[in-house]
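Got some structures for you, see below.
Two complexes, one shared chain (subunit A), two partners (subunit B, subunit C).
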Partner chain A sequence: MRFLRSRFLQAVIVLVVAFCVFRFGIRPPAPWSVIKLYMAVVALAVLVHISSDSDSWRDFLRPIRDTLTRPERRFVRAVLVVLIPVLLGYYAYSVAAARPEAPPQLRAIHPAPPPSLSFRGKEMNLQGLENPLRKDQASLARHAAAGGAIYIQNCFYCHGDNLDGKGHFAPAFNPPPANFEDPGTIAQLPEAYLFWRIAKGGPGLPRESTPWDSAMPAWEDRLTEEQIWQVIVYVYEATGQRPRRWQEH
Partner chain B sequence: MKRHWRFARAWAGIMLLTAVALAVLLGAPVEAQDAAKEPAYRAFPLLGSRLAVWVIAQLHLDFAAFILGVPMFAVIIEIIGWKNRDARYDWLAHEFIKLVFAAFSATALFGALLLFVFIGFYPKFFAFMTNIFHTTYWIYALLFFGETFTIYLYYYGWDWLSGSRKWIHVTLGVLANIFGTAILFIADAWLTFMTSPAGIAETGALKGSVWAAVDNATWMPINVHRLIANIVFGGTIAAAYAAFRFLGAKTDEERARYDWMGYVGNFVAISAFIVLPFAGYWLGREIYAFDQTMGITMMGGFMSWLWIIQATLIGVLFIGSNYYLWLGMERIPGSERYRKYVPYMLIILAVGFMVWATPRSLIVTLEEARAMGGTHHPILGIFGVMSAKNTAVNLMILTTFLSYVLYRRANRLSIKPWVMAGMAVQWGAFFVAAAIVLFYGVYGYFVESIVRIGFSVYQVLAVLGAIALVMTIDIPMFRGARSTGEIRWGTIAPRSQYVLILLAVTFTWLMGLMGFARSGIRQHWHVYGVLRDTSVDAVTPALGYAANVITLVTAVFLALVMFIFWLGGLAEKGGTAHAPVPAPHIAGGSGEAH
Partner chain C sequence: MRTAPAIALGVLVALGLPPAAVGQQGDAAAGKGVYERKCALCHGDQGDGQGPGAERLVPRPRDFTSGLFKVRTSANQTPSDRDLFDVITNGMPGTSMPGWSTLPEKDRWSLVAYVKTFAPERFKEPAKKLELPKEVGSSADSIERGREMFEAIECNKCHGTEGRGDGPSRPELKDEWGFPIAPANLTRRWTFRGGKSRTDIATRLAAGVLGTPMPAFLDSVEKPEDIWHLTNYIVSLGPEEPRTVSLVTVGAVSDDIPVDPDAELWKTQRPQDIVLAGQVIIEPRNFNLAIDLVTLRAVHNGRDIAFHLTWDDPTESKAEPDKKVFADVIALQFPPGSAPGEARPYFLMGDANDPVYLLRWEQGKGAAEVTAHGPDTLTPIAGSEVAAKAVYSHGQYRLVLKRALVAKDTARASFAPGVFTPVAFQAWDGGAGEAGAKMSLTTWYPLTLEEPRSNRRFVVPPLVAVLTFAAMVLIIRSANRRHHL
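== the complex of A and B ==
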């Protein structure tokens, strides 16, 4: 087992184990973009660890130097001279080759809302806008129930009856509909933001970060202002999330 | 005689630039009156106005950050040398100021150039700003005079104001810092007003005094953020200079001297860097509170990918800084006993790096999205929100501080009878702080966002409290400690010096990128919500384009810095340099000074 003391081999083992953990230990599988990022960090950490001590660094470099210089390793050297460019070439090909599906996109997770919007001719300033239905706490349960009915009639086909973005139509969409159970969606946003998204939908997305891929309809023509606020109350009540409150500065 | 000539030439150059700038400022109100007749924009040849103003502003900012940051710690180092009667500190402070002095003219030059570009190519915008801030222009110019005068006297009077007159010299250094900080605060008022305008009517005219426009929502957060960042930047650039000199050193003595200088520069940078994320978080929070659109554009909108790049670069800074300390421990006899902690600290840093760099919105193919059941991964998604990021960065800060504590005591054994109790309290402080950070990090997932934002304050206070407590115990505990051997300055592995250079490059790049984020969130507004950008450049650049421009600016800045440092080094070749002092041989941090 003396060979296991080789720093070079230890580094290779750590990298292989880390790769296996990231590739097979995370379920559902992590996207390749994340695996590459994590592997880069692990490789950096391994190099830092090995080279933070000069004896260890020399030990790590020894097999590399021997392979490059010693005559008896000519065969290994020749194999590597062929193998490394072939692997790099294959990698370059696999990245550049055209595929039947669209390449992954850098999505902007939360499009920036406008300062104000026009809803059925009424100007609404989004900054500081509160859900008016929350003023009357006694009627909030009634509004939530009404919002639930509106949700089932209009929204659940895509966003799902569990509000997790897994409605009947969801598999047809890329990107999939928003998952309201996720702590990174509605829990991060004030209710005014949701009002804007529901009212204006995909067609009302801002110009930056275009082209947008959103099948979300604009509900402005089909739901009243109160109905939109009601459905907002419902999604927060049903998921147990709380809307972001406006911050004083 | 030669020295006087150089002084006269440099002074004349600075005064000329100041005079030109003042002349322009004098003409500014007239320009403002005629603004209605002027075109709103003119096109800068070849580059376009936006690119021209961007490049010049960034170069000015890079130089200004350097010349404002270095004097802060140079004066402190000088005071340490003065109080301890240690000529090596005096040499080091002088060496740092020499760098500032060399970069001073370049800062003024790019500042004047920036002013010309604004007046020439953005006349309407400049007239608008002048109508509001013209009072501050005068104060700025006067402060610039004060800064120039004191920094020149400070540099050239180094030998003259020594001995019994040293207090005058130190006072000049402090005064230069006060002038510099005041200049920074005024310039910050202009740029923060563009992001979070205040004190003006809908017509754009001032409602009351100019103070209301100065004291806008993001002014103080930017002041604090930049003040700290300038020290980090100054430290990294000075350390990179020392690394450059170390690598080219011909003698062991020279190598030892620049090894020490690099260490001090890096120490200054790390010390300030530890609190920088807190100031940045405060700034981000104020931007969000001022305007939701800007806040979301910055954190969740199209700028959000910049934060992944930022996380990567800051991860490099954290790991690089620690790596340098670990490599430095090799030259400290007795440090072997601490090597066993390195793998654990590295694991915390690497995991923290991964958590911080995990994007909220993953780059996924359709196939991967289907396998995950959406664009959010149920496990990795947990790392994408601020609770996880704040926890990661606070633990990385604690770990970096631990690295420094171990480095500091590497060649010393405390002889105090209460050493065991002291160390137990220190370790307890680390664990309690880590536990608080973790607790609020996890608890943050179960509360509403406004409460979660407040948790970051508790995390920060826990970390800062631990740092304060550990150092309060550490300093008396190791006073008069038994030495296990002196630091062998100059024997550090050369690769450590490349790390110092890497840190300087990374920090310069980071400043440019995050400056773009701060400025870009205004989108198509010169002054957000007040003065619209109607030029042909009223498009926020794509991230790739912005990254290319910033990379180019970083390369140009570093090339100019090298050139200026080379110019500064010519004096040494002529034999007129500050008197050399013996190479340092004391332990880093052994003196109470480091």
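== the complex of A and C ==
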């Protein structure tokens, strides 16, 4: 196993193993950009390690120099001189012939809410606003059931029975409907924020959230104040998420 | 070695943990709890398909008290537990029933047990496994034999000559409960209720679909293996999945662009499938849309731009106001002007302040350029220069809309390579009562014009290769010189 002591081979083995772990060992699969970044870090670490003392560095360079100079390696040399330019040329072709991709969407997903809103002529202060239905814990189950009926008649087309944003209308819309199961959505938001989003819908978004793109209706036209609070109770109850609390002052 | 555990871990994760052994005997009492949380809103507390969501759904949620189940692999009317489990797990494509693979497997088996309690009589007789004839692989001969059988056993009466669900019996079809039911569009395998695999299709053909007018055909075909010839024919009718895109691409051509939708050019262009949803923002809301997919092919030649649209519609309808029949309509929507800024008009046909520009085609009237300030405020633009030709055959429209790349004024959209132009799609099936705001639609897509294919891709790569070659020769030379010093 003497060849395993070769610094060059060790470096190659570490790189191959690291690639296999990043590519196949991570579930769900990591995107290529992340794998590239990790591989760059590993390659850098390997270089730092083998160049830490001059013996090791010389040991690492020896097979490379041998391949470049030794007469008996002439064949390997010739193959490399042809293969590497061909591979790079192929890479350049795949970049030059690539089809254009959709431009990235730059929009604020959870924009700052306004301090207050006008709901059917009634001024509501959003800061510190709590869901009034939670005061009466005894009726909460009844409100959740009513919210479920509202949800199934109005919301599930886009947001889905599973509340995962995969309703049967969802593929037609970009931005996609919110996924309430995702810990990054309703679990991060106070209930008053949901009230604002439901009441004012896509057209009520600020400019940085591209209101012209959103297919979310403004539900103040169709649902009463109590119905909106009921459906909010339902989405938290059905997903098992908890609303974010207002910070105590 | 420190990497050894990492490899072992990687291999384990990649292989997946061994599946836990799960009992197939569900617990009906536990299933009741899951049912009430996840199913009752559509299927109803009593399992009668009368939940609060039922009224707006087509097809309606299943009434479990009937004990009739569409998807089964049994020769008798009783579905196997596995059949029920598979439908719960995979959902019913093309309907509002989602797959519940997110529920633990144990819960799904419990649901099977609970759903069976709604129709105990049905399950007294055990399911009898359906034996399919020996499988026949697909071939040109088999597909041709399948096509002959398709006519011989009169599949075309409901499903239409080309399988698009536009057969002459279509208007009369009713399900077991007396509700109108549409025959499957066989060119869209991904909407088949019981799955799109060849075995799924052959099983539906052999055993039929209970509660619907679709009969079992195992005994009506000439020879049992005709089931497989029919399957191969159905599979040949359309792609396995819609060919959806996130970027709409207009290809570059050098010749004149034909307005005839059946011209050769269009067969060479990449189909881009656009999925549409019902408009449910303003009244009248359209929960059960008719046109849920439009296929686009598009080209430009530096002077003109043309859009080739294909969509399925079982009826060709012109406006007949006295009969309350509306015209079939399709529209492509763009922001007016040529320099699309960051802001766009509201995707639902603009609003009072920010209008949109529509390339709109209407059956019986032809194509027009229109300014819209919302779905109910359409103003035709004077001096329309859009050329159009439409063909309707066997439940399908094919249409070409063609106009100049650069518009005469800023009420119209102009197109140029190198910029992303927003585009949205809208469609109306007048025969299904769609008109005005009752439509199907999309939000904005980005659209890009391909540059006429430059020769760059043939010049740059050889240059890279030659330069690399030269650099390597230099390195070898200098290494040898130093070595011999």
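In the analysis below, the second predicted complex is superposed on the first by the 140 of 249 C-alpha atoms of A that agree within 3 Å, B and C clash if a C-alpha of one lies under 4 Å from a C-alpha of the other, contacts with A are read in each partner's own complex, and residues count from 1 in each chain.
We take it that a residue touches a chain if its C-beta (ideal position, glycine included) is under 8 Å from a C-beta of that chain, and two chains touch if they have at least 3 such contacts.
Given the structure is predicted, the values throughout are model-derived calculations rather than measurements.
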First, second, both or neither for A:Asn179, with subunit B first and subunit C second: first
First, second, both or neither for A:Arg245, with subunit B first and subunit C second: first
Touched partner set for A:Arg134, first subunit B, second subunit C, both or neither: neither
Subunit B versus subunit C as contact partner of A:Pro171, first or second or both or neither: both
Touching partner for A:Arg73 - first (subunit B), second (subunit C), both, neither: neither
Touching partner for A:Ala102 - first (subunit B), second (subunit C), both, neither: both
Touched partner set for A:Tyr38, first subunit B, second subunit C, both or neither: first
Partner chain in contact with A:Asp161 - subunit B first, subunit C second, else both or neither: second
Residues on subunit A lying within both footprints (that of subunit B and that of subunit C): 26-27, 101-103, 164, 166, 171, 174-175
Subunit C to subunit A touching residues, read off their complex: 3, 6-7, 9-11, 13-14, 37-38, 41-42, 51-53, 55-56, 95-96, 98, 100, 102, 244, 246-247, 249, 275-278, 280-282, 287, 343-348, 354, 420, 440-446, 448, 450, 456-457, 460-466, 468-469, 472-473, 475-476, 479-480, 483
Residues of subunit A defined as touching subunit B within the complex: 26-34, 37-38, 41-42, 44-45, 48-49, 51-54, 57, 101-115, 126-127, 164-166, 171, 174-176, 179, 182-184, 187-188, 190, 192-193, 208-209, 241-249
Residues of subunit B touching subunit A in the complex: 217, 285-286, 288-294, 296-297, 299-302, 304-305, 315-316, 319, 323, 326-327, 330, 339, 342-343, 346-347, 349-350, 353-354, 357-381, 384-385, 445, 447-450, 453, 493, 495, 523, 529, 540
Subunit C-facing residues of subunit A, complex: 14, 17-18, 20-21, 24-27, 65, 68-69, 77, 80-82, 84-86, 88-93, 96-97, 99-103, 148-149, 151-154, 156-158, 160-162, 164, 166-175, 201, 203, 207, 210-215, 217, 238
